[in-house]
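Starting off with a structure, shown below.
For reference, chains read A, B and C in written order, and residue numbers begin at 1 within each chain.
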Amino acid sequence: MLQQIEGSRAVASAVALCRPNVVCAYPISPQTHIIEAIGAMVKAGELDAEFVNVDSEMAAMSVLIGASAVGARAYTATASQGLLYMMEAVYNVAGLGLPAVMTLANRALGAPINIWNDHSDAMSVRDAGWVQLFAETNQEAIDLHILAFSLAEELSVPVMVCVDGFILTHAIERVDVPEQTQVDRLLAPFEPRHVLDPHDPVSIGAMVGPDAFTEVRYLASIRLSRALDVLPPLAQRHSDELARSVPSLVSPYRLDDADVVVVAMGSVLGTIKDVIDEMRDDGHAIGALGVSCFRPFPKDQIRDALAGASRVVVVEKAFSLGYGGILATDIALVLSGRGIPIHTVIAGLGGRPVWAASLRTCFNEAVDATLSETTFLDLDEEVVAREVDRMAATRRSGPSAENVLRDLAERSRT
Amino acid sequence: MSAERVPVRFYQVGSFAVGNRLVSADRRNAQSDPQRANSLTSGHRACAGCGEALGARYALDAATRVTNGQLVAVNATGCLEVFSTPYPETSWQLPWLHSLFANSPSVATGVAAGLRSLGKSEVRVVAQGGDGGTADIGMGALSGMFERNDDVLYICYDNEAYMNTGVQRSSATPGAARTATTDVVGEHPGNVFGTGKFVPAIAMAHEIPYVATASVADLFDLETKVERAMSMHGARYLHILVPCPLGWGSASSDTIRLSRLAEETGLFPVFEAENGELTGSRTIRHRVPVEEYLRLQRRFSHLFTREGEVKDVATVARIQAIADRNIRRYRLSEEVS
Amino acid sequence: MAAQHGDGTATQLRLHGRGGQGTVTAAELLAVAAFEDGLYAQAFPSFGSERMGAPVEAYCRVGSKPIRTREPVARPDVVIVQDPTLLGQVNLFGGLTSSGFVIVNASRPVQELDLDGLMGLIPLTNIVSVPATRIALEHVGRPTPNSALLGALSALTGLISPAGIIHALEHRFAPAIADANSRAVREAYDVVVAERGEVISAAAN
């Protein structure tokens, strides 16, 4: 049914349609509206689930582990510091091969503390053994959550749906919420691969030494990588049932004959597509490639999608300190040997608006072959330079965060 | 003590196997039953004289018996986890899950919630961990599980230090005890005397339905408490003192003896509490001075001369004062109770 | 005013209020009203952790095709001021397009408001003041100006219909409250139609 609702409520509705048995809640901005909405549904009797208000994110993921291990369908949502706080259990649930599903309302990592959107949190768990799906819109957020439960239970791996914090979670837009009968057709009851059952007792989580650890981890990687084979037909099945295109591994946009291809993940693709339409109208051969599935990384599909590109611009909302772009590095490895320029544009950190005009400038430079290898979009270079000078001039120059804010305040007064 | 099962006391004998023969078949303990569950079966890799292995088998066999085998166990990282499940072997004959060090109370909450949501509430949940996993790294998770009154029995096997990693101090390590991180050097050798972190008292402060302490020296009492705990729902806590020959520097053959001495000195109070109120205590019949307990353990050897005489009188007196306070606080003496 | 510009981009609105006044709710109601009118809409807050009383912003886009951009609204076509005490305190009209509209919740006429920086930027006929708080108190019994402001928006721009707003209210509130708010919508709509008539005739004179 078409509805004009907040992204968080849309996600909550999708999760409820998947009939979770256990939902854990520990509040963190900007995830709160999701768990509040699910909690209200449970309290009102609209959703028959155990809703556990836990004492930390570590507890949230741990409750999921216990619930999943007895064959219950389990869900939670978190963001940012919450993800880091549960990090040990994030790796653990993947290592145990339990199909939990989690929404990550993407948010920056501190310090400095910042509640706004970027992808640093998601990037911090790229090696944990989870499938990581990125939603471009709230419609995709709905569809990817239903897909996530299907995929997680099919492969017995945990799946994380990344939804841009505030930008999507707090945006009120038009979404089509599926009917229960449709979701029931897509999502069979959970049949666990291994389960704690007194009638057939097993030990789960035993210690593995050097003699077998390599093999066990190798098998875990194979299991995760199977998502690359399983996801496309599964997404097609969901697309057929829901009568719309449910994202799979990658989402190409106006790639035909595109010389310059912009690669990105999440909601920023919306703004990018608007810019690409403008530039196409102006006669530039530019297109975009959305990466919907970041882990496992769809190397072959990306290589194929970028086969015609002569220049690639990766726009990403995170970077590896002391190195550079994270998605861009993965893309560069996929394209190694092609010898085409790959540019990194770091944008939208900690909620910095990603303006279409700024993107347009970058993309124009890419077309003109003048774009730098790495660009921090709308970086205030004067402020940075002044702080670098302060640090050079004084040993006790104080915290940069405070200095930069004071600098900005002074400039706005003058 | 519980109304369902009157405790049996055999003060004259050291062996409860003998004691069992003196009572009717229906009142004998689970361990004397040839059909016992052997939840933690033989072949595991615990040290000789391991109190934790003993405590875990006693507790889980009793829980298995009282739940007719409808039981799931969740284990924190620690000695018990490591010695019982070196892949691909396992000594557990019940469904068993190890996740992490700090999170076993939360995992158990998830197991209980999952089972309830699947309509399998008849399957019960026990979580277990050592004193490090309980009093230190798992404290937040444990407190959360208590506060929510989740339907979990949590059992702490307290051997008073991090034995799995090589005997380092935990917040359950007693004052003056030597560990790898509280060496017997300097002006105050061994562990400092803090204010103590006695988890049963913390559990009582949560006013959960049931809190009890027990020791491996008193099998009948331990089993009775497990049965009592499993007759209830909500958050329950059982704290079992389990001597560790390796960490305590004691003879493997002294594990039961040390457990009994810990109880008889008053250093380890054995009691029950319901909803935050003390409901029963094991009174001490043969009260023993603390040096008799301390003398058997190398971790306290710096308090004694080579001949076994008390050398550090002040420290031993301080430990005696702790025992005396326990006796008052938990009504362990028949005179004060 | 059409739901989108000639170049296909959506109409952009910016709402200014104070924390606790329901600025985000107003943007949401506006988006739902547009949805009820069969339009595409996107509403979102300024993503802060503002406390009660602090100046806050919310944004809305309305168009006849799906809205993809995720930029904040920097060049609004409409500015709605929920709280007249913000006038002169906050840069309310920054980026306002030259054909833009302004709606101020105030009991005084436009000519008496502190609209420095606005005069001459847009036609006087594109500015209205509406006593939204007074109307809300009268009909709803609480000083919640949102419904009246949306009624004024409808009257001033035609971007959304009064029926759409009333549908949005019915979605969000219990029948009695939705009904009271609907009366506020209609009164504000009528007030603005009347006020615009006066302003236009005054301008003609």
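Everything that follows uses one rule, which is that contacts are C-beta pairs under 8 Å (C-beta built on N, C-alpha and C of every residue); 3 or more make two chains touch, one makes a residue touch a chain.
Computed from a prediction, not measured in an experiment: that's the story for all the values here.
A comparison of C-alpha centroids places A closest to the centre of the full protein.
The greater number of contacting C-beta pairs, out of the two interfaces A-C and A-B, is seen for A-B. Between the Cα centres of chain B and chain C there is a gap of 67 Å. Computed centre separation for the pair chain A/chain C is 34 angstrom, with centres defined by C-alpha atoms.
Averaged C-alpha coordinates give centres for chain A and chain B that are 44 Å from one another.
Residues of chain B in contact with at least two other chains: none.
By the touch criterion stated above, chain B contacts chain A in their complex at residues 69-72, 74-75, 81-82, 85-88, 90, 92-100, 102-103, 106-118, 120, 123, 140-141, 143-144, 147-148.
By the touch rule above, chain A contacts chain B in their complex via residues 21-22, 24, 48-50, 52-56, 58-72, 74, 88-89, 92, 96, 196-198, 201-209, 212. Of all the residues in chain C, the ones that touch chain A in their complex are 27-28, 31-32, 34-36, 40-45, 47, 49, 66-72, 74. Across the complex, chain A meets chain C through its residues 2, 4, 6, 29-30, 115-117, 137, 164, 166-167, 170-174, 267-268, 270-271, 273-274, 351, 353-356.
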